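Order as written gives the chain letters A, B, C and D; numbering starts at 1 within each chain.
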Amino acid sequence: MTDLDVAELQRRLAAFAAARDWEQYHTPKNLAAALSVEASELLEIFQWLTPEQSARVMADPGSAHRVSDEIADVLAYLLQLCGVLGVDPLAALAAKMDRNETRFPVERPGNPGDSH
Amino acid sequence: MTDLDVAELQRRLAAFAAARDWEQYHTPKNLAAALSVEASELLEIFQWLTPEQSARVMADPGSAHRVSDEIADVLAYLLQLCGVLGVDPLAALAAKMDRNETRFPVERPGNPGDSH
Amino acid sequence: MTDLDVAELQRRLAAFAAARDWEQYHTPKNLAAALSVEASELLEIFQWLTPEQSARVMADPGSAHRVSDEIADVLAYLLQLCGVLGVDPLAALAAKMDRNETRFPVERPGNPGDSH
Amino acid sequence: MTDLDVAELQRRLAAFAAARDWEQYHTPKNLAAALSVEASELLEIFQWLTPEQSARVMADPGSAHRVSDEIADVLAYLLQLCGVLGVDPLAALAAKMDRNETRFPVERPGNPGDSH
(Lines give C-alpha, C1' and ligand atoms only; values in the text may rest on other atoms or scores of the structure.)
Protein backbone atom coordinates (compact mmCIF):
# COMPACT_ATOMS: atom_id res chain seq x y z
CA MET A 1 0.00 0.00 0.00
CA THR A 2 1.83 3.09 -1.24
CA ASP A 3 0.43 5.46 1.40
CA LEU A 4 2.18 3.52 4.13
CA ASP A 5 5.63 3.94 2.62
CA VAL A 6 7.83 6.72 4.07
CA ALA A 7 8.98 8.04 0.69
CA GLU A 8 5.40 8.10 -0.60
CA LEU A 9 4.21 9.99 2.52
CA GLN A 10 7.02 12.51 1.96
CA ARG A 11 5.89 13.04 -1.65
CA ARG A 12 2.29 13.47 -0.53
CA LEU A 13 3.30 16.02 2.14
CA ALA A 14 5.41 17.96 -0.38
CA ALA A 15 2.56 18.03 -2.93
CA PHE A 16 0.12 19.15 -0.20
CA ALA A 17 2.37 22.09 0.77
CA ALA A 18 3.12 23.04 -2.85
CA ALA A 19 -0.58 23.11 -3.80
CA ARG A 20 -1.25 25.60 -0.97
CA ASP A 21 1.86 27.74 -1.61
CA TRP A 22 3.10 26.91 1.89
CA GLU A 23 6.67 26.05 0.77
CA GLN A 24 7.73 29.65 1.48
CA TYR A 25 7.18 28.98 5.20
CA HIS A 26 9.02 25.66 5.22
CA THR A 27 12.57 26.75 6.04
CA PRO A 28 14.48 24.15 8.08
CA LYS A 29 14.33 26.51 11.07
CA ASN A 30 10.54 26.91 10.89
CA LEU A 31 9.97 23.17 10.39
CA ALA A 32 12.23 22.38 13.37
CA ALA A 33 10.19 24.83 15.48
CA ALA A 34 6.91 23.30 14.29
CA LEU A 35 8.20 19.78 15.02
CA SER A 36 9.11 20.85 18.55
CA VAL A 37 5.69 22.49 19.05
CA GLU A 38 3.87 19.34 17.90
CA ALA A 39 6.01 17.13 20.16
CA SER A 40 4.91 19.35 23.06
CA GLU A 41 1.25 19.00 22.07
CA LEU A 42 1.76 15.24 22.29
CA LEU A 43 3.41 15.61 25.72
CA GLU A 44 0.52 17.83 26.88
CA ILE A 45 -1.81 14.79 26.72
CA PHE A 46 0.38 13.05 29.32
CA GLN A 47 1.54 15.94 31.50
CA TRP A 48 -0.76 15.43 34.52
CA LEU A 49 -1.09 11.61 34.25
CA THR A 50 0.55 9.15 36.61
CA PRO A 51 2.85 6.59 34.94
CA GLU A 52 0.03 4.03 35.31
CA GLN A 53 -2.60 6.31 33.75
CA SER A 54 -0.22 7.09 30.89
CA ALA A 55 0.10 3.34 30.18
CA ARG A 56 -3.70 3.11 29.72
CA VAL A 57 -4.12 6.15 27.47
CA MET A 58 -5.17 4.13 24.40
CA ALA A 59 -8.04 2.46 26.31
CA ASP A 60 -10.17 5.61 25.97
CA PRO A 61 -11.23 6.19 22.33
CA GLY A 62 -11.10 9.98 22.63
CA SER A 63 -7.57 9.98 24.08
CA ALA A 64 -6.48 7.32 21.60
CA HIS A 65 -7.60 9.48 18.68
CA ARG A 66 -5.88 12.56 20.11
CA VAL A 67 -2.62 10.62 20.62
CA SER A 68 -2.68 9.24 17.06
CA ASP A 69 -3.41 12.69 15.68
CA GLU A 70 -0.47 14.30 17.48
CA ILE A 71 1.85 11.43 16.49
CA ALA A 72 0.81 12.08 12.88
CA ASP A 73 1.66 15.78 13.24
CA VAL A 74 5.09 15.03 14.72
CA LEU A 75 5.86 12.58 11.91
CA ALA A 76 4.54 15.02 9.27
CA TYR A 77 6.94 17.79 10.33
CA LEU A 78 9.82 15.35 10.80
CA LEU A 79 9.37 14.03 7.23
CA GLN A 80 8.98 17.55 5.80
CA LEU A 81 12.13 18.70 7.60
CA CYS A 82 14.00 15.67 6.26
CA GLY A 83 12.65 16.49 2.80
CA VAL A 84 13.97 20.06 2.72
CA LEU A 85 17.31 19.00 4.25
CA GLY A 86 17.83 15.92 2.07
CA VAL A 87 18.19 13.64 5.11
CA ASP A 88 16.97 10.01 5.01
CA PRO A 89 15.48 9.57 8.51
CA LEU A 90 15.57 5.75 8.49
CA ALA A 91 19.20 5.69 7.40
CA ALA A 92 20.05 8.33 10.04
CA LEU A 93 18.44 6.18 12.74
CA ALA A 94 20.14 2.96 11.54
CA ALA A 95 23.52 4.75 11.64
CA LYS A 96 22.81 6.11 15.12
CA MET A 97 21.86 2.66 16.39
CA ASP A 98 25.13 1.26 15.06
CA ARG A 99 26.95 3.91 17.12
CA ASN A 100 24.78 3.38 20.22
CA GLU A 101 25.41 -0.36 20.25
CA THR A 102 29.11 0.46 20.61
CA ARG A 103 28.61 3.32 23.11
CA PHE A 104 26.28 1.40 25.43
CA PRO A 105 27.48 -2.20 25.49
CA VAL A 106 25.24 -4.71 27.23
CA GLU A 107 26.64 -5.54 30.66
CA ARG A 108 27.75 -9.14 30.89
CA PRO A 109 26.31 -11.25 33.73
CA GLY A 110 28.94 -12.08 36.31
CA ASN A 111 30.90 -8.93 35.66
CA PRO A 112 29.57 -6.57 38.35
CA GLY A 113 32.40 -4.07 37.83
CA ASP A 114 30.82 -2.93 34.56
CA SER A 115 28.85 0.25 34.71
CA HIS A 116 27.69 2.96 32.34
CA MET B 1 17.81 -3.59 3.31
CA THR B 2 15.99 -4.62 6.49
CA ASP B 3 17.50 -1.91 8.68
CA LEU B 4 15.77 0.76 6.63
CA ASP B 5 12.28 -0.58 7.24
CA VAL B 6 10.23 1.11 9.97
CA ALA B 7 9.01 -2.13 11.58
CA GLU B 8 12.55 -3.52 11.61
CA LEU B 9 13.90 -0.34 13.25
CA GLN B 10 11.15 -0.63 15.89
CA ARG B 11 12.17 -4.23 16.61
CA ARG B 12 15.83 -3.19 16.84
CA LEU B 13 15.01 -0.33 19.25
CA ALA B 14 12.87 -2.64 21.43
CA ALA B 15 15.64 -5.26 21.57
CA PHE B 16 18.22 -2.57 22.42
CA ALA B 17 16.10 -1.32 25.36
CA ALA B 18 15.27 -4.85 26.58
CA ALA B 19 18.94 -5.92 26.59
CA ARG B 20 19.80 -2.94 28.84
CA ASP B 21 16.75 -3.34 31.14
CA TRP B 22 15.58 0.14 30.10
CA GLU B 23 11.95 -0.91 29.44
CA GLN B 24 11.03 0.07 33.00
CA TYR B 25 11.68 3.72 32.07
CA HIS B 26 9.71 3.57 28.83
CA THR B 27 6.24 4.58 29.97
CA PRO B 28 4.28 6.51 27.32
CA LYS B 29 4.63 9.64 29.45
CA ASN B 30 8.41 9.36 29.74
CA LEU B 31 8.84 8.59 26.04
CA ALA B 32 6.65 11.59 25.11
CA ALA B 33 8.84 13.79 27.35
CA ALA B 34 12.03 12.37 25.79
CA LEU B 35 10.64 12.92 22.27
CA SER B 36 9.90 16.55 23.13
CA VAL B 37 13.39 17.02 24.63
CA GLU B 38 15.05 15.60 21.50
CA ALA B 39 12.90 17.79 19.21
CA SER B 40 14.18 20.79 21.19
CA GLU B 41 17.79 19.65 20.79
CA LEU B 42 17.15 19.64 17.02
CA LEU B 43 15.63 23.14 17.23
CA GLU B 44 18.63 24.34 19.26
CA ILE B 45 20.85 23.90 16.17
CA PHE B 46 18.69 26.45 14.32
CA GLN B 47 17.70 28.85 17.09
CA TRP B 48 20.08 31.74 16.31
CA LEU B 49 20.27 31.22 12.53
CA THR B 50 18.62 33.48 9.96
CA PRO B 51 16.16 31.72 7.60
CA GLU B 52 18.89 31.81 4.92
CA GLN B 53 21.56 30.32 7.22
CA SER B 54 19.11 27.59 8.26
CA ALA B 55 18.64 26.65 4.58
CA ARG B 56 22.41 26.05 4.26
CA VAL B 57 22.86 23.98 7.43
CA MET B 58 23.74 20.76 5.59
CA ALA B 59 26.61 22.45 3.69
CA ASP B 60 28.82 22.24 6.79
CA PRO B 61 29.81 18.63 7.58
CA GLY B 62 29.82 19.19 11.34
CA SER B 63 26.35 20.74 11.36
CA ALA B 64 25.07 18.13 8.91
CA HIS B 65 26.19 15.33 11.22
CA ARG B 66 24.63 17.02 14.26
CA VAL B 67 21.33 17.50 12.40
CA SER B 68 21.21 13.86 11.27
CA ASP B 69 22.03 12.70 14.76
CA GLU B 70 19.20 14.70 16.37
CA ILE B 71 16.74 13.59 13.64
CA ALA B 72 17.69 10.01 14.50
CA ASP B 73 16.99 10.65 18.19
CA VAL B 74 13.58 12.19 17.46
CA LEU B 75 12.63 9.25 15.23
CA ALA B 76 13.94 6.73 17.80
CA TYR B 77 11.69 8.06 20.57
CA LEU B 78 8.73 8.47 18.20
CA LEU B 79 9.03 4.82 17.13
CA GLN B 80 9.49 3.60 20.70
CA LEU B 81 6.44 5.59 21.84
CA CYS B 82 4.41 4.10 18.97
CA GLY B 83 5.68 0.66 19.98
CA VAL B 84 4.49 0.89 23.59
CA LEU B 85 1.16 2.47 22.54
CA GLY B 86 0.47 0.09 19.64
CA VAL B 87 0.14 2.99 17.15
CA ASP B 88 1.22 2.59 13.51
CA PRO B 89 2.81 6.00 12.78
CA LEU B 90 2.60 5.73 8.98
CA ALA B 91 -1.08 4.76 9.09
CA ALA B 92 -1.75 7.61 11.57
CA LEU B 93 -0.12 10.10 9.18
CA ALA B 94 -1.97 8.74 6.13
CA ALA B 95 -5.29 9.09 8.00
CA LYS B 96 -4.41 12.62 9.11
CA MET B 97 -3.55 13.63 5.54
CA ASP B 98 -6.92 12.31 4.35
CA ARG B 99 -8.57 14.62 6.89
CA ASN B 100 -6.31 17.61 6.09
CA GLU B 101 -7.05 17.40 2.37
CA THR B 102 -10.71 17.98 3.26
CA ARG B 103 -10.02 20.63 5.93
CA PHE B 104 -7.68 22.74 3.79
CA PRO B 105 -9.01 22.63 0.21
CA VAL B 106 -6.75 24.09 -2.47
CA GLU B 107 -7.93 27.55 -3.55
CA ARG B 108 -9.01 27.61 -7.16
CA PRO B 109 -7.27 30.07 -9.51
CA GLY B 110 -9.62 32.86 -10.64
CA ASN B 111 -11.55 32.76 -7.38
CA PRO B 112 -9.94 35.52 -5.33
CA GLY B 113 -12.73 35.52 -2.77
CA ASP B 114 -11.42 32.25 -1.33
CA SER B 115 -9.35 32.51 1.76
CA HIS B 116 -8.23 30.29 4.64
CA MET C 1 19.45 43.93 47.04
CA THR C 2 19.14 45.34 43.53
CA ASP C 3 20.23 42.13 41.76
CA LEU C 4 17.15 40.32 43.04
CA ASP C 5 14.71 42.77 41.47
CA VAL C 6 13.14 41.70 38.14
CA ALA C 7 13.65 45.08 36.44
CA GLU C 8 17.28 45.17 37.56
CA LEU C 9 17.88 41.63 36.24
CA GLN C 10 16.35 42.70 32.91
CA ARG C 11 18.70 45.68 32.72
CA ARG C 12 21.67 43.45 33.56
CA LEU C 13 20.68 40.90 30.86
CA ALA C 14 20.24 43.68 28.27
CA ALA C 15 23.64 45.19 29.11
CA PHE C 16 25.26 41.74 28.93
CA ALA C 17 23.83 41.13 25.44
CA ALA C 18 24.68 44.65 24.21
CA ALA C 19 28.31 44.39 25.38
CA ARG C 20 28.74 41.18 23.33
CA ASP C 21 26.85 42.49 20.24
CA TRP C 22 24.30 39.68 20.68
CA GLU C 23 21.24 41.95 20.27
CA GLN C 24 21.17 41.13 16.54
CA TYR C 25 20.20 37.54 17.44
CA HIS C 26 17.54 38.54 19.93
CA THR C 27 14.44 38.74 17.73
CA PRO C 28 11.24 37.75 19.56
CA LYS C 29 11.11 34.59 17.46
CA ASN C 30 14.65 33.52 18.35
CA LEU C 31 14.19 34.30 22.05
CA ALA C 32 10.91 32.29 22.10
CA ALA C 33 12.78 29.35 20.51
CA ALA C 34 15.63 29.66 23.03
CA LEU C 35 13.15 29.83 25.93
CA SER C 36 11.50 26.65 24.69
CA VAL C 37 14.88 24.90 24.30
CA GLU C 38 15.90 25.84 27.86
CA ALA C 39 12.55 24.65 29.27
CA SER C 40 13.25 21.30 27.60
CA GLU C 41 16.73 21.16 29.14
CA LEU C 42 15.04 21.58 32.52
CA LEU C 43 12.53 18.82 31.68
CA GLU C 44 15.40 16.55 30.59
CA ILE C 45 16.59 16.36 34.21
CA PHE C 46 13.22 14.82 35.19
CA GLN C 47 12.35 12.74 32.10
CA TRP C 48 13.24 9.27 33.42
CA LEU C 49 12.44 9.89 37.11
CA THR C 50 9.42 8.50 38.91
CA PRO C 51 7.14 11.12 40.52
CA GLU C 52 8.73 10.23 43.89
CA GLN C 53 12.29 10.59 42.59
CA SER C 54 11.38 13.93 41.01
CA ALA C 55 10.18 15.17 44.42
CA ARG C 56 13.64 14.46 45.89
CA VAL C 57 15.72 16.05 43.13
CA MET C 58 17.06 18.88 45.33
CA ALA C 59 18.45 16.41 47.91
CA ASP C 60 21.42 15.66 45.64
CA PRO C 61 23.77 18.66 45.39
CA GLY C 62 24.72 17.92 41.77
CA SER C 63 21.11 17.67 40.63
CA ALA C 64 20.15 20.69 42.72
CA HIS C 65 22.79 22.80 41.02
CA ARG C 66 21.74 21.60 37.56
CA VAL C 67 18.07 22.38 38.30
CA SER C 68 18.89 25.91 39.56
CA ASP C 69 21.07 26.51 36.53
CA GLU C 70 18.34 25.54 34.05
CA ILE C 71 15.73 27.56 35.96
CA ALA C 72 18.07 30.55 35.63
CA ASP C 73 18.34 29.98 31.85
CA VAL C 74 14.55 29.77 31.43
CA LEU C 75 14.06 32.97 33.44
CA ALA C 76 16.86 34.72 31.52
CA TYR C 77 15.24 34.10 28.14
CA LEU C 78 11.76 34.88 29.47
CA LEU C 79 12.95 38.26 30.79
CA GLN C 80 14.87 39.03 27.60
CA LEU C 81 11.81 38.17 25.48
CA CYS C 82 9.67 40.42 27.69
CA GLY C 83 12.29 43.15 27.30
CA VAL C 84 12.25 43.16 23.49
CA LEU C 85 8.42 42.89 23.40
CA GLY C 86 7.75 45.50 26.08
CA VAL C 87 5.70 43.05 28.19
CA ASP C 88 5.71 43.25 32.00
CA PRO C 89 5.72 39.54 32.98
CA LEU C 90 4.49 40.08 36.56
CA ALA C 91 1.57 42.26 35.39
CA ALA C 92 0.75 39.68 32.66
CA LEU C 93 0.62 36.93 35.29
CA ALA C 94 -1.48 38.99 37.73
CA ALA C 95 -3.99 39.71 34.91
CA LYS C 96 -4.10 36.05 33.94
CA MET C 97 -4.75 35.00 37.54
CA ASP C 98 -7.64 37.46 37.74
CA ARG C 99 -9.14 35.73 34.68
CA ASN C 100 -8.40 32.20 35.97
CA GLU C 101 -10.11 32.86 39.30
CA THR C 102 -13.29 33.53 37.31
CA ARG C 103 -12.80 30.65 34.83
CA PHE C 104 -12.10 27.99 37.47
CA PRO C 105 -14.31 28.77 40.47
CA VAL C 106 -13.63 26.78 43.63
CA GLU C 107 -16.25 24.07 44.12
CA ARG C 108 -18.38 24.72 47.17
CA PRO C 109 -18.48 21.98 49.84
CA GLY C 110 -21.89 20.33 50.01
CA ASN C 111 -22.56 20.92 46.35
CA PRO C 112 -21.54 17.63 44.73
CA GLY C 113 -23.21 18.54 41.43
CA ASP C 114 -20.39 20.99 40.66
CA SER C 115 -17.71 19.75 38.34
CA HIS C 116 -15.08 21.26 36.05
CA MET D 1 1.43 46.84 44.57
CA THR D 2 1.60 43.42 46.17
CA ASP D 3 0.35 41.49 43.12
CA LEU D 4 3.40 42.54 41.15
CA ASP D 5 5.87 41.06 43.60
CA VAL D 6 7.30 37.62 42.74
CA ALA D 7 6.86 36.16 46.24
CA GLU D 8 3.27 37.44 46.38
CA LEU D 9 2.49 35.88 42.96
CA GLN D 10 3.95 32.58 44.20
CA ARG D 11 1.71 32.69 47.27
CA ARG D 12 -1.32 33.47 45.08
CA LEU D 13 -0.52 30.57 42.71
CA ALA D 14 -0.07 28.17 45.63
CA ALA D 15 -3.39 29.22 47.20
CA PHE D 16 -5.14 28.87 43.82
CA ALA D 17 -3.86 25.29 43.40
CA ALA D 18 -4.60 24.33 47.02
CA ALA D 19 -8.21 25.59 46.82
CA ARG D 20 -8.82 23.35 43.78
CA ASP D 21 -6.99 20.29 45.21
CA TRP D 22 -4.54 20.45 42.29
CA GLU D 23 -1.41 20.08 44.47
CA GLN D 24 -1.50 16.31 43.92
CA TYR D 25 -0.62 16.93 40.24
CA HIS D 26 2.17 19.39 40.96
CA THR D 27 5.18 17.10 41.20
CA PRO D 28 8.39 18.76 39.99
CA LYS D 29 8.34 16.43 36.97
CA ASN D 30 4.79 17.39 35.97
CA LEU D 31 5.42 21.10 36.48
CA ALA D 32 8.61 20.91 34.37
CA ALA D 33 6.59 19.19 31.60
CA ALA D 34 3.84 21.83 31.83
CA LEU D 35 6.41 24.64 31.72
CA SER D 36 7.91 23.14 28.57
CA VAL D 37 4.46 22.74 26.98
CA GLU D 38 3.60 26.39 27.71
CA ALA D 39 6.95 27.60 26.32
CA SER D 40 6.08 25.73 23.10
CA GLU D 41 2.65 27.38 22.97
CA LEU D 42 4.47 30.72 23.11
CA LEU D 43 6.84 29.61 20.32
CA GLU D 44 3.86 28.48 18.23
CA ILE D 45 2.79 32.13 17.84
CA PHE D 46 6.12 32.87 16.14
CA GLN D 47 6.81 29.64 14.24
CA TRP D 48 5.86 30.74 10.70
CA LEU D 49 6.81 34.44 11.07
CA THR D 50 9.83 36.05 9.46
CA PRO D 51 12.25 37.74 11.88
CA GLU D 52 10.75 41.10 10.81
CA GLN D 53 7.16 39.96 11.38
CA SER D 54 8.12 38.56 14.78
CA ALA D 55 9.49 42.01 15.75
CA ARG D 56 6.06 43.56 15.05
CA VAL D 57 3.97 40.98 16.91
CA MET D 58 2.80 43.41 19.60
CA ALA D 59 1.39 45.86 17.02
CA ASP D 60 -1.69 43.65 16.54
CA PRO D 61 -3.93 43.69 19.65
CA GLY D 62 -5.03 40.05 19.18
CA SER D 63 -1.46 38.77 18.88
CA ALA D 64 -0.32 41.02 21.71
CA HIS D 65 -2.95 39.56 24.03
CA ARG D 66 -2.05 36.00 23.03
CA VAL D 67 1.67 36.65 23.63
CA SER D 68 1.01 38.17 27.09
CA ASP D 69 -1.24 35.28 27.98
CA GLU D 70 1.37 32.64 27.07
CA ILE D 71 4.12 34.58 28.87
CA ALA D 72 1.87 34.53 31.96
CA ASP D 73 1.45 30.75 31.66
CA VAL D 74 5.21 30.18 31.34
CA LEU D 75 5.90 32.38 34.38
CA ALA D 76 3.08 30.68 36.35
CA TYR D 77 4.57 27.21 35.92
CA LEU D 78 8.13 28.47 36.47
CA LEU D 79 7.10 30.05 39.80
CA GLN D 80 5.09 26.98 40.85
CA LEU D 81 8.05 24.71 40.03
CA CYS D 82 10.36 26.97 42.04
CA GLY D 83 7.83 26.86 44.87
CA VAL D 84 7.73 23.06 45.15
CA LEU D 85 11.53 22.82 44.75
CA GLY D 86 12.40 25.64 47.15
CA VAL D 87 14.42 27.50 44.50
CA ASP D 88 14.56 31.32 44.43
CA PRO D 89 14.45 32.06 40.69
CA LEU D 90 15.82 35.60 40.92
CA ALA D 91 18.75 34.47 43.07
CA ALA D 92 19.39 31.56 40.65
CA LEU D 93 19.54 34.00 37.72
CA ALA D 94 21.77 36.47 39.55
CA ALA D 95 24.20 33.62 40.39
CA LYS D 96 24.15 32.41 36.78
CA MET D 97 24.89 35.90 35.47
CA ASP D 98 27.87 36.15 37.81
CA ARG D 99 29.20 32.95 36.26
CA ASN D 100 28.39 34.02 32.68
CA GLU D 101 30.24 37.31 33.05
CA THR D 102 33.37 35.25 33.78
CA ARG D 103 32.70 32.63 31.08
CA PHE D 104 31.98 35.09 28.27
CA PRO D 105 34.30 38.05 28.80
CA VAL D 106 33.68 41.10 26.63
CA GLU D 107 36.28 41.33 23.89
CA ARG D 108 38.46 44.39 24.32
CA PRO D 109 38.80 46.78 21.37
CA GLY D 110 42.29 46.68 19.91
CA ASN D 111 42.83 43.08 20.91
CA PRO D 112 41.77 41.15 17.78
CA GLY D 113 43.33 37.93 19.04
CA ASP D 114 40.47 37.49 21.50
CA SER D 115 37.75 35.12 20.47
CA HIS D 116 35.06 33.03 22.09
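Please note the rule applied: a contact is a pair of C-beta atoms (placed from the backbone, for glycine too) under 8 Å apart; a residue touches a chain by one contact, two chains touch by 3 or more.
Which chain is which protein? Per UniProt: A, B, C, D = Nucleotide pyrophosphohydrolase.
Given the structure is predicted, the values throughout are model-derived calculations rather than measurements.
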Given chain B and chain D, the chains that contact each of them
A, C
Have a look at where chain A meets chain D and say same if over half of the interface residue numbers show up on both copies, different if under half do.
same
Counting only Cα atoms for the centres, state how far chain A is from chain B in Å.
3
How far is the middle of chain B from the middle of chain C, if each middle is the mean of its Cα atoms, in Å?
27
Within chain A, the set of residues that touch 2 or more other chains is 30, 33, 36, 39-40, 43, 46, 51
Residue set of chain A touching chain B in the complex reads 3-6, 9, 12-13, 16, 19-20, 27-30, 32-33, 35-36, 38-40, 42-43, 45-46, 49, 51, 54-55, 57-58, 67-69, 71-76, 78-79, 81-82, 84-97, 100-101, 104, 106-107
Name, in rising order, each residue of chain C that touches chain B in their complex.
25, 30, 33-34, 36-37, 39-41, 43-44, 46-48
Residue numbers of chain A touching chain C in their complex, please.
33, 36, 40, 50-51
